[in-house]
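Consider the two complexes below, in which chain A is the common component and chain B and chain C are the respective partners.
Coming up: the complex of A and B.
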C-alpha cells in the first residue's frame, strides 16, 4: 500500500470566527501503480487533503501513512516523506526563484541531501524528462521562460528529487488546450517510466475520465465516492449536488442514447468513444 | 503563518461598537489616547478601566482576541517597567537599597503606572482595529482629512493608496503561505539552523513574492486604467458614511470619561500617597 488515509478530519483556524471544517472523516488507500483523480467543487477540501500527504498540514485527527512513514507519530521524518511524495502546487511557476533554471531544478535534491554533482545530474535528467532543451535552457533565468516552459521547469523541480508518488494540484490550470494536452501527455509518460503512483486534482472531467483509473469524489469535506471513472461517470446520480458535470464523452453517449443509439461500456476518451460509435453503427472500416 | 494574523485583525461581529461611524471611532480613539496621558490619580485609572471594559463589552469581541494583542507587547511593557523601576530617581520610601540601585515605593508605582498606560493605549487602538474593517478605516481617514483639500493635498489618492495597501496585505500573506508550502514540499527548511541560515532560507520565498507583488501591481494598474479610474474629478461613494445615534452616544460617553479624568485629577490631587503626578 503506498498511501493509507484513515478517518482524516481537519479544521482551519479552530476557535476563530474564520473556523472552517475542510475535511471530515476521509478514508481511502492507494496501491502502488495507480493513477488516481480527485474531483470536487471549489472549497470541497481537495487541496487540504493532498497537502496532508506531504506533511504540509499538521495532522490533527485521523491517520496518514505513506509507505512506512506514519504521520500520526510524534516526529515523523518529513524530509524522507517529502522526498517520497513530490507535490506540484497550483500555478507552480510561482515557486521558481533561482538565477538559472538548472539551479532552480537542483534546489530540491540539494535540500534532500544530495551533493552538488548528484543534484546537477538529477536536475539535468529531470529537465530532459519534461521535454525542455537542456543545453539551451540551463543557464537561462527561469523568469525568461514562456508560461508553458515555466510550468515544465517547475515540474522538473519536483521530479529532480525522484519521488515515488507524484501529487498534482490542478496541473493544467491556466494553460491553453495545446499546453494542457502536452502536460497530460508528459504525466502519462512519467507514469510509465519514472514515478510509480500519481494523484491528480482536476476540475476538468475530460482529463480525469481519460487519464485516471480511479476517481475520488470530494464534497464539502467528505469523500462521497471512490470508484472507477467508468462507474462514476455512468450517470449523473453520483455527481448530482456536487456542482460537477460529466465529461463530454459521457454526455455524448447519453445524447446518443436518447436517439436510440446504445454504446458498449462507458468510453471516456475521444478515441474510445469514436470506436464505440463506429461499433454501434455497424462495424469499423 | 496563518490567516489569524491578517493585518488589521478585524473581528466580524454585529455590535454597537462595530456599527459606529469609523470617523467617530477614530476621533474617540485619539481622545482616549489623550485621556490616557492625562490620568494621574488612582480614581482616574479606575475611570479609564471602566471605560475600556464597557467598550470591550459593547464590541462583542471575545476577551481572548483582545488579550492576544496585549500579549504581543508584553515584552515591551515588562522591559520599560523594569527600566523604570531601576532608573526612577527620587522617592522617599526606600524598599531595597543595594550597591547603586535603590528601589522605592514611588519608583514601583511609577513603573506600574507607565505599564498600565501602555496597556491602555494598546487596548484602545486594538478595539478600533478589531471592530472596523480596514476599508472603513481608510474611508474614515479620508473623510477626516477633507480640510486638507484646501491646500491641494491629494487626499483621495492617498486614501486609495492606503486602501490598496491594506487590501493587499492579506493577499500577500496568503501568497507567502503558498510559496512557503511549495518550497517546503521541495525540502526547504525554515525552522532549523542559526540566524544566517534561516535568513538565507527565506530567499526562495522572498524572490517569488516580489515577482508576484510586481505582477499584481501591474495588473491592478492596468485594471484601474481600463475602468477609467479617476477620469472624473468628483467620485461618488458606494458606501456613504452616516452619523447615527450610536455615534452620539459613544461621543457623549467618551466626553464623560475625559471630564471625569480631568475632574478627578483636579480635586483629588495629592490626596493619596500614590497619586503623585508623573
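Coming up: the complex of A and C.
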C-alpha cells in the first residue's frame, strides 16, 4: 500500500471566529501503480487533503501512512516523506527562481543532501524525462522559457528528487489544448520511471475521465465517492450537489440513453465514444 | 459602424536586442453587441491583441480604432480605457477593497463620477452579475466564480461598451466557469454589451457570434463557430482541439455514418437518434 488515510479530519483556525472544518472523516488507501483523480468544487477539501500527504499540514485527527512513514507518531520522518511524495502546486511555473534551469531543477536533490554532481545528474535525467532539450535549455534562465516549457521545467524540479508518489494540483490549468495533452501524456509516461503512483486534482472532468483509473469525489470536506471514472460518471446521481458535472462523453451517453440508444460500457474518450456509437448504430441496421 | 476596427496592425515585444512576435497584419472589424471568442495556443498573440484594444499597447504599425478613436491619440486614451473593460485570469489580483461595494466604487471614483451616480452604478452592476446580496460582504470569502463576477461588476461600474474576458474562467471550478459564462452571455443579450472572450475551452466558443483563431500572431481563420470548427486542419495547425461532440461526429463520418458537423452535445445526440 503506498498511501493509507484513516478517518482524517482537519479544522482550520480552531477556536477563532474563522474556524472552518475542511476535512471530515476521510478514509481511503491507494496501491502502488494507481493514477487517482481527485475532484470537488473549490473549498471541498481537496488541497487540504493532499497537503497532509507530504506533511505541509500537521496531522491533528485520524491517521496517514505513506509507505512505512507513519504521520500519526510524535516525530515522523518528514525529510523521508518529502523525498517520497513530490508535490506540484497550481501554476508551478511561478515557483521557478534560480538563474538557470539546471540550477533550479537541481535545487531539490541538493537540499535532500545530494552532492553537486549527484544533483546535476538527477536534474539532467529529470529534464530529459519531461521531454525538454537538456543541452539547449540547461543554461537558460527559466524565465526565457515558453509557458509550456516552464511548466515542464517545474515538473522536472519535483522529479529530480525521484519521488515514488507524485501529487499534482491542477497540472493543466491555463494551458492550451495541445499543452494540456502533452502534460497529461507526460504524467502517464512518468509512471514508467521512478514515479509509481500519481494523484491528480483537476476541475476538468474530461481529462479525469480519460486519464485516471480511479476517482475520489470530495464534497464539503467529506469523501463522498471512491470508484472508477466509469462508475462515478455513470449518471448524475453521485455528482449531484457537488457543483461538478459529467464529462462531455458521459453526458452524451446519458442523453442517448434517455432517447433509447444504449451504448456498451461508459466510454470516456472521444474515440471510445465514437466507437461505441458506431457499434450501437451498426448493430441495428 | 464597427465598434472596433483594426487596420493592418502589427506589434512586437522588444527587450534589449531581442524581438518577440506579438501580432502581425491583423485586420479586423467587430460590430457592436457581438459575442466574440478569441482562440489560439499559448503565445499565439491573444492577450497582445486584447491589450491593443484598450490602448494598453500601441501598435508598431497600423491603426486600432475603438468607437472612432485611434488608440495612438494619447490625449483620448482614457476615453478608450473607459469604454474597454478587461477582466483577467486570477480573480485575487483584481480586488482592491475589503468590502465589495467599495471595490465596485473604486473605478468610477477614479473617473471622477459624482457620488450619487456611483451608487446607482454599483446597484446596477451588482444586479447585472446577480451578486446583490453580497454587497456589504468581503471579496476574500467568495468562491472563485463569485470573485470573477465581482471583478466583472467592478468593470461594469465604469459603464464600458466592450467587455474583454482574458481567460477569466481558467482558474475556476466547473460551477464557477458556468457562472461566469452565464453572466457574460446575459450581459451580451440583455445589455447589448460587446463581449470578447479569450479562452482555451472549446465549449465556450460554440455559442459565439464569431470565433477568431490566432496562430503565431496572425488570424488563421475567422467566422461562425460552424465555419471555424469545420476547418479541422487549420484548428489542428493552430494547436487547438475540436469540441468533444465535433470530434465524435467526425469519427462517425469516417466510419461511414452520415452525421452532420455538430458542436453541441445535444446536436450529436439528435443526429445519432435520427440514424436509428
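In the analysis below, the second predicted complex is superposed on the first by the 278 of 285 C-alpha atoms of A that agree within 3 Å, B and C clash if a C-alpha of one lies under 4 Å from a C-alpha of the other, contacts with A are read in each partner's own complex, and residues count from 1 in each chain.
Going forward, a residue touches a chain if its C-beta (ideal position, glycine included) is under 8 Å from a C-beta of that chain, and two chains touch if they have at least 3 such contacts.
This one's a predicted model, so the numbers in the text were calculated from it and none came from an experiment.
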Discussion item. For A:198 in the superposed arrangement: first (chain B), second (chain C), both or neither?
Written reply: neither
Item to complete: Would you sort A:206 into first (chain B), second (chain C), both or neither based on which partner it touches?
Response: second
Worksheet item: Of the two partner chains, chain B (first) and chain C (second), which one does A:143 touch, if any: first, second, both, or neither?
Response: first
Item to complete: For A:111, select first, second, both or neither according to whether it touches chain B, chain C, the two together, or no partner.
Response: first
Practice prompt. Look at A:166 in the shared chain and tell me whether it touches chain B only, chain C only, both, or neither; answer first, second, both or neither.
Written response: neither
Practice prompt. With the two complexes superposed on chain A, say which partner A:8 touches: chain B (first), chain C (second), both, or neither.
Written response: neither
Discussion item. Comparing chain B against chain C, which has contacts with more of the residues in chain A?
Written reply: C
Worksheet item: Regarding the shared-chain residue A:54, is it in contact with chain B (first), chain C (second), both, or neither?
Response: first
Practice prompt. Determine, under the contact definition given at the top, whether A:158 touches first (chain B), second (chain C), both, or neither.
Written response: first
Worksheet, complete the sentence: On chain A, the footprints of chain B and chain C overlap at residues none
Discussion item. Going by the contact rule set out above, which residues of chain B touch chain A in the complex?
Written reply: 2-4, 11-13, 65, 178-179, 181-189, 203-204, 207-208, 211-212
Item to complete: Enumerate the contact residues on chain C facing chain A in the complex.
Response: 40-44, 89, 143-144, 167, 170-177, 200, 202-203, 239-241, 243-245, 247-248, 251-252, 255, 257, 265-266, 268-269, 272-273, 275-276
Worksheet entry | Residues on chain A engaged by chain C in the complex (per definition of touch) | 41-43, 90, 146-148, 173-181, 203, 205-206, 243-245, 247-249, 251-252, 255-256, 259-261, 270-271, 273-275, 277-278, 281, 284
Fill in: Touching residues on chain A, where the partner in the complex is chain B
12-13, 16-18, 51, 54, 56, 79, 82-83, 86-87, 89, 92, 94-98, 107-108, 110-112, 143, 157-158, 161
